[in-house]
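Shared between the two complexes below is chain A, which pairs with chain B and chain C, respectively.
Now for the complex of A and B:
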């Protein structure tokens, strides 16, 4: 809870100038007034006095409620910082064309699902399970694409992840994707665990000049780096040394792995050759990233008009009940009208004659 | 002017023997021509040969001549003193001021019919000169003055002007009807009644069954004092109604006690004016 009053406001403040009208029930009352020759004829009665006070308060409540409701009260939105278990996770997802193939390297048919679909399913579950994580999603192929910036809006992240099995694009340009994924973390916050999850099914050569930049970035952000390598059956593993020359061009996966190892940040690579392996890797990542994280909860601006109307309705209800309980003081009893009529008719005559 | 449908007359019987030489309807102090036998006096005292009482003269051992005397019938003056404080505006089962006007009309008719004078004084905080009628036997004037009461404006919050009315009534005893709802402080009642003590005073208490017996058993009523004592919300229920009626009864009993030294017991005029009931009250008290 924030400050008790600081966070409240109204949409149309000038209407509040009408609030003094709410004091009108102190001067007038809703009940029908019965003129009587002497009020002192009625004996003192505490219950009546209490009912009178309740009716006055109800009148004030009804008027004040209506005026406040017309003014449109709300509680301003606010950011509440809490501490939960989780991490800032920046996901970097490969959108190259090969992601649309199955783990067997074919176009998916029938029951088979593509690498993209499998990672979408498993990452979606990953996002759903973690209550206080913040996620950013970046896709990359030839160029990186900012999908969702670092946020704790679960729905946005899930929507971003469910979009990653759209048909992929061209090639795999890891370096620029990494740069953008790192930039997602924003300024450093103390005690926040950060994780960069790279999901790809291949690797590319990283230009040595960009390598230096990336190193500097990694040194600054210091995320835990996880590489979920969706390995197509038959393609080289990240640990396989090529038969020929051991250059980045010949075995980009192996050299990317080596590059990551040389960064000096906590790093793990998961090589998954099927949907189950991917799920297992994600479970491991999930188990690793369990640190306290301060997270911000946004309490949205909340409309309080309903409460004001409810208060007014309550006051009006009390007044209506009082109105229904009103007794006809002078004109009750079956003979009242005839008794009234008779003497008037009789004694009106001399007066009208005289006039 | 006084049509038969105007209703019964108010019959009254003054407590004192009115003096004066005018001929009226009530047993007077003076002896005079026709009427009820009063006594016999010597012929020299009343040399009226037409009324020589032969039997009494023969019975007299001193052989004096006795003459019969008869009571003279004398008129009285009746006055209606109307309280015009704001509480007289009350309308319950009946219009309170209308009741007062009906009473005045009946009294004006009854008094002028038998040759008595009818006068009218009204007062709120001050004496109301516009409604003042000195006692007159003029039937139309009396009726007009009585009719004016029904349309009178009453806005004052006290009846102090009645003290001035009491001063104007000084002189011979008169038959005075003090018409009010007597929602006055007890001291005021005593003061006004003691100022009128020389006269034959009948307090006419204007009441309304809506104010006591006719109270509803249940319900909310917001009472608004006609004399400006403020508003009050009252939740009527049988227990409160019982207390209310007890209070009203106690008030009338107190008024009766206050009237005893100075006046006849109050006559309660509620809802409709009944001349016969007033006659019964006047002849039995």
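Now for the complex of A and C:
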């Protein structure tokens, strides 16, 4: 596979080695051979010579056209960069066991929907609606897991989201998850809006040593940070101050919120206590993330095989007509001796002599 | 009557039509025109749908493969083999990915198509890391049984890449029972690792390598459940106080090789096929042989066949000049 001539290429280049065969019409004619005592006996006939040349060219065209057609010529596809509306969204999704409970903190039964199933439904719709976004999906529980790297293939992102309501794992270790979600953005591209969407139903204490690392990472990547907090009914809110000591251990949600606020990146937290609230929050995020983003559009390569076959067919048509119009020169017959040979027939004499 | 029409009237059409070279060129023209207007023909090809489950437990970090002259871990070879397999599968095949550690597979994504979504699929396979493991146990039999169930739910076949090292070791009672129907889910267990024992690298809590596991670092014998039959002959055996004998268990559980007998027993129990993973190549044919072929809508392009025949005929018409004239005319009918 290659495009050796600019944007043109062929699918199977080795077939082009057959191209010298196309010069065969220069050596051999497809017309009948007739013995003649001396070519020089016939007067020079420019019309016959021209017809002979046309037939040779037609033969070359037919053979070369077929060989090129078999090699599969194409004009290479192009990558065109355009600007659309969208963002790079890195989703960090909590896969701890509690995500499989309902917003009321129970095992789902009947019509009830677990938090994971609700986020699956709503995030799936979010991915489906936005044409030029790029998404990456990271899951975390005890350890972070790279699910899908940053991609514009929405089928793959949807497949990753449709796996999030499967039974989850143990704990909510948000710090390492944030680190991996940030690493999904890759090297900075100018003019690309970046958003980190954390979907979790709990929080955890972030080790102070890791806090410093995360702070540095956030300062480098500078994403818009959204925290979609799926609050179980009756559990503490982000804004609740604990009754006793106000430590990260006592109120991890509140302290994670404070940590996010201290990062110096645009940050919004959404507390959702039901599927409708989640949908509302996702709608708000969607409205906020409307920035121009360069995206690549691939123009498919164009198959030129048809043109090669058309050229070959034209050459063959001329040859077939010529074969039909072949006359018998100097043949003993009722007409050949009386009629002057047609010009069409005349050309073959020098050619067949050469052959 | 013009000279041209007079000449046409006296052309020996019947003789021309009988000319073999005319027939060859005319047939080539018909074939070329057919190639020009023929569309692709529908046809059914067979692809696969697979849930690939990759063991990411500690023993998969054993470097007992060699790739490009360097020792390479089982996990790296498993990733490379899966990436090559995905590249080799026919378009329309679908691959889902799950990780195995502890006692169950963890689904990363439901099946995605291997051609259109190749880039994210390849990226996800490249991103697999042992650090994604959420627990240290490696109960391969339990993980395989649940992976079979998961593949059944996803309506795919199963490809389970593991070295078969059970941590903790299986109890003396042997394999846990399999609840499912053997053979209901088809697929392949790919055994990763060399046949000789190798040390298992140990990592500290910051994920850095820190030596190898020693004999006393790991559980050498599973002492849950009833003691084995030979326990009575062990030194210091006491039915109540020391049912497994008085001495600490000794063994080679801190070293690792591919546990082929165990994996073959699991394959027999669950109706899967078993193949050893010899290197990064060859996983696609091994898996395709074990998997259910799934019909995929495909298309075949008839043009190369038509064009090739046309080329052969046209070349024959020109090369025929080399033959004596008597071969070039069909006999008079």
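The rule is short, and it goes like this: the second predicted complex is superposed on the first by the 234 of 355 C-alpha atoms of A that agree within 3 Å, B and C clash if a C-alpha of one lies under 4 Å from a C-alpha of the other, contacts with A are read in each partner's own complex, and residues count from 1 in each chain.
Simple rule for what comes next: a contact is a pair of C-beta atoms (placed from the backbone, for glycine too) under 8 Å apart; a residue touches a chain by one contact, two chains touch by 3 or more.
Since we're looking at a predicted model, the values are computed, not measured.
Colleague: For A:79, select first, second, both or neither according to whether it touches chain B, chain C, the two together, or no partner.
Modeller: neither
Colleague: Of chain B and chain C, which one touches more residues of chain A?
Modeller: Of chain B and chain C, more residues of chain A lie in contact with C.
Colleague: When the two structures are overlaid on chain A, which partner does A:316 contact: first (chain B), second (chain C), both, or neither?
Modeller: In the superposed model, A:316 contacts chain C only, not chain B.
Colleague: According to the stated criteria, A:42 is in contact with first (chain B), second (chain C), both, or neither; which is it?
Modeller: A:42: touches chain B, not chain C.
Colleague: When the two structures are overlaid on chain A, which partner does A:29 contact: first (chain B), second (chain C), both, or neither?
Modeller: both
Colleague: I'd like to know which partner A:326 touches here: chain B for first, chain C for second, both or neither.
Modeller: The answer is both, since A:326 touches chain B and chain C.
Colleague: So, does A:148 touch the first partner chain B, the second partner chain C, both, or neither?
Modeller: The second partner, chain C, only.
Colleague: Jot down the residues of chain A that show up as touching in both complexes, chain B in one and chain C in the other.
Modeller: Common interface on chain A, chain B vs chain C: 29, 31-33, 325-328, 333, 336, 339-340, 342-344, 355.
Colleague: Would you mind writing out the residues of chain C in touch with chain A in their complex?
Modeller: Per the touch definition, chain C meets chain A at residues 3-4, 6-8, 10-13, 15-17, 19, 21-22, 25-26, 28-29, 32-33, 35-36, 96, 99, 104, 106-113, 116-117, 119-121, 123-124, 127-129, 131-135, 303-304, 307-308, 310-311, 314-315, 317-322, 325, 328.
Colleague: Of all residues in chain A, which touch chain B in the complex?
Modeller: 29, 31-43, 45, 47-49, 51-52, 55, 322, 325-330, 332-333, 336, 339-340, 342-344, 346-347, 349-351, 353-355
Colleague: Any idea which chain B residues touch chain A in the complex?
Modeller: Per the stated touch rule, the residues are 1-3, 5-7, 87-96, 98-99, 101-102, 105-106, 109, 140, 143-144, 146-147, 150, 181, 183, 210-211, 214-216, 218-227, 229-236, 240, 243-244, 247-248, 251, 271-273.
Colleague: Mind pulling up the chain A residues that touch chain C in the complex?
Modeller: Touching chain C from chain A are residues 21, 24-25, 28-33, 59, 62-63, 65-67, 69-70, 72, 95, 137, 139, 141-149, 151, 153, 155-157, 159-160, 162-163, 166-167, 169-170, 305-306, 309-310, 312-313, 316-317, 319-320, 323-328, 331, 333, 335-336, 339-345, 355.
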